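Naming follows writing order (A, B, C and D), and every chain is counted from residue 1.
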Amino acid sequence: MDWGRVRFFLGEVARGFTRNAVMQITAIGTVAMTLLLLGAFLFIRTTIADLGNGMLQQIEISVYLTPDATPHTIAALRASFHADPRISTVEFIPKAEGLKELRARTRGVIDTSLLTENPLPDKFRIRVRSPQLVPAVAGELRRLSGVDNVVYGQGVVERLLRLDTVLQRIGVAMIALFVIVATIIISNTTRLAVYARRREISIMQLVGATNLYVRMPFICEGLIDGVLGAAVAIILLVVVHATLWPRLLDALPFVQFNTAVVDVPVLVLQLFLVGGVIGTGAAWISVGRHLQT
Amino acid sequence: MISLRSVSLLYPNGVRALDHVTLEIAKGEFVFLVGHSGTGKSSVLRLLYREIRPSSGEITVDGIRVDRLSSRRVPALRRHLGVVFQDFKLLPDKTVWENVAFAMQVTGAPTREILRQVPRALDLVGLSHRSRMYPDELSGGEQQRTAIARALVNNPKILLCDEPTGNLDPANTTEIVDLLLRINLKGTTVLVATHNQAVVDRMRRRVVRLENGKVTTDKERGYYYLGLGQGQVLSG
Amino acid sequence: MDWGRVRFFLGEVARGFTRNAVMQITAIGTVAMTLLLLGAFLFIRTTIADLGNGMLQQIEISVYLTPDATPHTIAALRASFHADPRISTVEFIPKAEGLKELRARTRGVIDTSLLTENPLPDKFRIRVRSPQLVPAVAGELRRLSGVDNVVYGQGVVERLLRLDTVLQRIGVAMIALFVIVATIIISNTTRLAVYARRREISIMQLVGATNLYVRMPFICEGLIDGVLGAAVAIILLVVVHATLWPRLLDALPFVQFNTAVVDVPVLVLQLFLVGGVIGTGAAWISVGRHLQT
Amino acid sequence: MISLRSVSLLYPNGVRALDHVTLEIAKGEFVFLVGHSGTGKSSVLRLLYREIRPSSGEITVDGIRVDRLSSRRVPALRRHLGVVFQDFKLLPDKTVWENVAFAMQVTGAPTREILRQVPRALDLVGLSHRSRMYPDELSGGEQQRTAIARALVNNPKILLCDEPTGNLDPANTTEIVDLLLRINLKGTTVLVATHNQAVVDRMRRRVVRLENGKVTTDKERGYYYLGLGQGQVLSG
C-alpha cells in the first residue's frame, strides 16, 4: 500500500471540493432539496397511512339479537365470539343501555320519557383484528342462531378499504416519481459539472490517465455530494419536524396522529442511501459520456 | 521507432491535412519537423499519440500499431511518450508541481519516485521557484516550460514537442534545446515541430519539411529553408 | 433598426442552444421536473380543496321547534329564514317525516311500531351559504321564539373549519417550498452553466463587451429554458391527467371529485409564468456572479 | 498616447511582476517590448487594457486614467484598443468569421460595416479560406492569425500584441510584421511584446527591455540584445 498514492487520491477529491466550490454547492443543494421533498413526503405518508389504519381499526360490528334471545343464547354467542381468533374485542350492550346511547347520540332530541316500552333489541359490539376481515366476519355472524341483524356500515368499510389501497398505490407512485426526478436533476447537475471540466478530462487522458482513473474522483465527488446532500436534507427535516410539526398537531387536536410510527433512524438511513446511490450513479453515468476517445 | 506509411488524414470538416505521408524515424534520432503554418505538423504528432486516427495508412510507434490501437490501450501508449502540446494543455486547478507530478501519478509511479523526479524536471526547465503557482498565474513562457517538464518527467522513450519554444526568449530557447539534445544523447527519440529557424539552423539535425500535407524535404543535417518550395522528396 | 444586429442576437441565443445542447437539456429538464411536481401538486390541492369545500357546504342546521309551535309561528319562522341573505335553503320537516327519517337512518333497528306516540318535535333543516357562517347563524336562530334547540354537529363543524384553514396553510407552505426549491435548483443549474462558460464570458469582456451584452444571451436562454421546461411539464401533466386520473376517479367512485374546478388555462398560464420567471431570474442572478471585473 | 508613471504590480500570490516602471509612448510610435520569460511584458499589456490594476503608479491610455477607471467604463476603453493575446483567447463556439465579427458587434457597428471589414481583416492575415472553421479545427498559427485579425478589425487607435508570431513560420511572421508596420504608418500606435530576435533586429524600431519587472533599456532604433544585462535605463 503506497500511502502517498492514497493521499494523492484523497487530495484529488478534496481539490474537487475546494477549487470547484460552485459546482459542489450546486450538487449538494440539488440533492438536499430533492431529498428534503422526498423525506417530507415519506414522513407525511407514513403518518397518514397510520392514521388511516387507526381509523379503520376502530370499525365496529353491531350484532343485534332477536327479541327472544335467552341469557343462555347470549352466553353461548359470547363464548363463540371469544373463541374466534379474528375477533379482538367483544362487548355486550343490553337494550336499556342501547337506549341511553341512542339518546346521547341524538342529543336529547328524542324524548325517551314518551316511550312506554324500549323499542331496541339487545346487541353485541365487536371489533376484529384487521379491517379487511370485517365483511367476512359480519357475514358469518349473521348466520348464527339468536342473531337478528348485523350492522357495520356496509359499503363504507368496503369503500374505505378500497381508498386505502388506492392511497397506498398513489404513495408508491409518488415516491417513484420523486426518485426519478431526483436522479434526472442530479445526473443533469453532474453532467454539467463534467461538461464544465471536459477540457481537464481530455487533458488527463492525453497525459495517459485511464478511464477509471479519470472517473474515480468524479464518482467519489458524486458519492460525497449525495451523502452531504442527504445530511443537509435530514438536518432541515429535523428542524422542520421540531418547529412546525408540533404546531400542526396542535391545530388538529382531534386527529390521533401517532408520530412514533415514523421510524426516524430508518428514514435517515433511507435518505443517506438514496442520496449516496443517486450521487454515485448520476456521476458514473455522466462522466461516462465524456470518456469516449 | 516511429514509422508512418502512406498516411493520409482528412478532418471531418473536409480539410485534407496529410496526404500520403511516409516517414521513418529510428530509435535515438533527433528530427525537426518544419513547414508553413497549417501544413500538418501538429496533425502528424496528434496521430502519433493517437488523439486522432488516420484516414488511411499505417502508423507504428515503438512497435505498436497506433492506427489500429483500441481505445482501452491508448493510455498505455501515451505513458511511453512525452508530449509538449502546442497549447500546453496544463490542468488549471493543479499547481506547476502537481501538473508535472500528475503525469507520473497516472503511470502508477511510487510516491518516492515522484518526489525525486518532479523537482529534477522542474529544475531542468528553470521553474523550481514557480512550483506552487497555478498555470494562470504563470507567464506564457513559464507555462510552456511547465509543459516541457511534464513531458520529460517520465523519462519517455519518445519525446514529441510541438513548437516548444514559441513563447521563450532566445536564452531560454537555447537552454531548452540543449536540454532536448542531452535527453536525445541519453537515447530518447526526439521529434520537434518548430518554426524557429535559428534553432534548426544552429542544431544541424535531420529536418523534415511538410508542405500542404506532403513531405517535400527530408535531409540529415539540414537547414530550415533547405529545399523550400522546390517540391523535392527525399525519403529518410 | 438594424436587422443584422437582431439576427446576430437571435443567432447568439440559437447558438447557445445548438452548441451547448447538454446544458440546455439539463436546464429544461430541471425546470420541467420541478414544474411537473408543482403542477401536480397545484392540481391535486385544488381538487381536494374543492372536495373539502363541498363537504363543508353540505353541513345542515337542524332547528327543532317547541312542541307547542303553532302553524302561525312556523310560517313566521320560515319567512324570517327566507329573508336572511346568509341562508341558502330552508326545508320544513314535520314530526311524522322526522320519525320516518330516523327509522331509515337507524336501518330499522328501532321498531317504530312499538311507539304509541311520536317522540320527535317538528324541525326546520337549513343550509347556509358558507360553512364559516354556521356557528353564528345557529347562535342567532337559537334565540328565536318557537325554537327549542338548534343542532348542527357542534364541535365537528368548528374542527372541520379549523382543519380547512390548516390545510390551506399547509398548501401555501408547500407551494412556497416548491417554488423555492425550484429556484434554487434552477439557479444552481444556471450557475453551473455560467461556470462552464466562464472563460467565454471573460473573453467577451476582454474584447469590449458590456455586462449587459454578455448577460443578455444568458437571460434569454434562461427565459427560453424556463418556458420550454414549463411546456414539457404541461405536456407531461396533460398526459398523466388523461391516462392516470380517470383510473384514480374510477377507484374512488364515492368521492365527488369535481375535476372541472381546476381551471386548466389558468394552471397552464401559471406554470408558464413561474417557469419563465424562475428561468430568467435564476439566469440573471447566476450570470451576475461572473461579471465582477 | 500611453504613459506609465512609476507603476508597480504585486500579484496576489506575492510575485512582484513590475517594479516602478515608467514608460511614455507617443501617438503613432512602434515599440517592441522585449525581455526574458516571466519578466513582466504581458503584465504591462494587461495593465493597459485593464485586465488587472497596478498596485501603485499612474497609467494613462489615450487620455484615460486606466488605473482609476471604474468597471463600468472598461468596455469603452477596450473598444479603442486592439489586443492580440498571448494565448489567443478565441471564443470556442464561434467560427473564425464570427470571432472576428464579434469584436465589431460589441461596439455596436452596423451590419453593413461588419460585412465589409471582417473579410478584409481575414484577408490581411491570410485566413479567408478558414473563415467557417472553429478555433479547435485550426492549427496553432491559424489561431494566432485569427487573434490578430480580431485585433485589427476595428481599426483601433492602439494595437497591443503579445507574442503575435510565436506560432508562425518565418514567411508568415514577415507578412504579419509588415502588416503591423503598414497599420502603424496609418497612425496607429503599436506595442509588441516579443521574443523574436530576428523581427526586432530587422525592424530597427524603438526597443524597451524589461528585466525583473524593471525597464533596463529603452532605445530608438534598437536591437534585441542591445544593453542586455547592463542595467542602463534610458528614458524614452
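Here, a residue touches a chain if its C-beta (ideal position, glycine included) is under 8 Å from a C-beta of that chain, and two chains touch if they have at least 3 such contacts.
Remember, it's a predicted structure, so these values are computed and weren't measured experimentally.
The minimum number of touch steps linking chain A to chain D comes to 2.
Contacts with chain B and chain D are shared by no chain at all. Farthest chain from chain A (centres taken as the mean of C-alpha atoms): D. Annotation: 23 Å between the Cα-based centres of chain A and chain C. Centre-to-centre spacing of chain C and chain D amounts to 63 Å, using the average Cα coordinate of each chain.
Averaged C-alpha coordinates put the centre of chain B at 67 Å from the centre of chain C.
Shared interface positions of chain D, i.e. residues touching 2 or more other chains, are not present. Shared contact sites, meaning residues of chain C that touch two or more other chains, are absent.
Taken chain by chain, the contacts form a single closed ring in which each chain touches exactly two others. Contacting chain pairs (ordered by label): A-B, A-C, B-D, C-D. Contact residues of chain C toward chain D in the complex are 2-5, 8, 15, 19-20, 200, 203-211, 213, 292-293. Residue ranges of chain C in contact with chain A, taken from their complex: 22-23, 25-26, 29-30, 33-34, 36-37, 64, 102, 106-112, 114-117, 119-121, 149, 151, 159, 162-163, 166, 170, 177-178, 181, 184-185, 188-189, 191-193, 195-196, 248, 251-252, 254-255. The touching residues of chain B, when paired with chain D in their complex, are 11, 13, 15, 34-39, 41-42, 86-87, 130, 133, 137-142, 144-145, 162-163, 166-173, 195, 197-198, 224.
Residues 49-51, 71-72, 74-76, 78-79, 83, 85, 89-94, 102-103, 105-108, 110-112, 114-115, 150 of chain D touch chain C in their complex.
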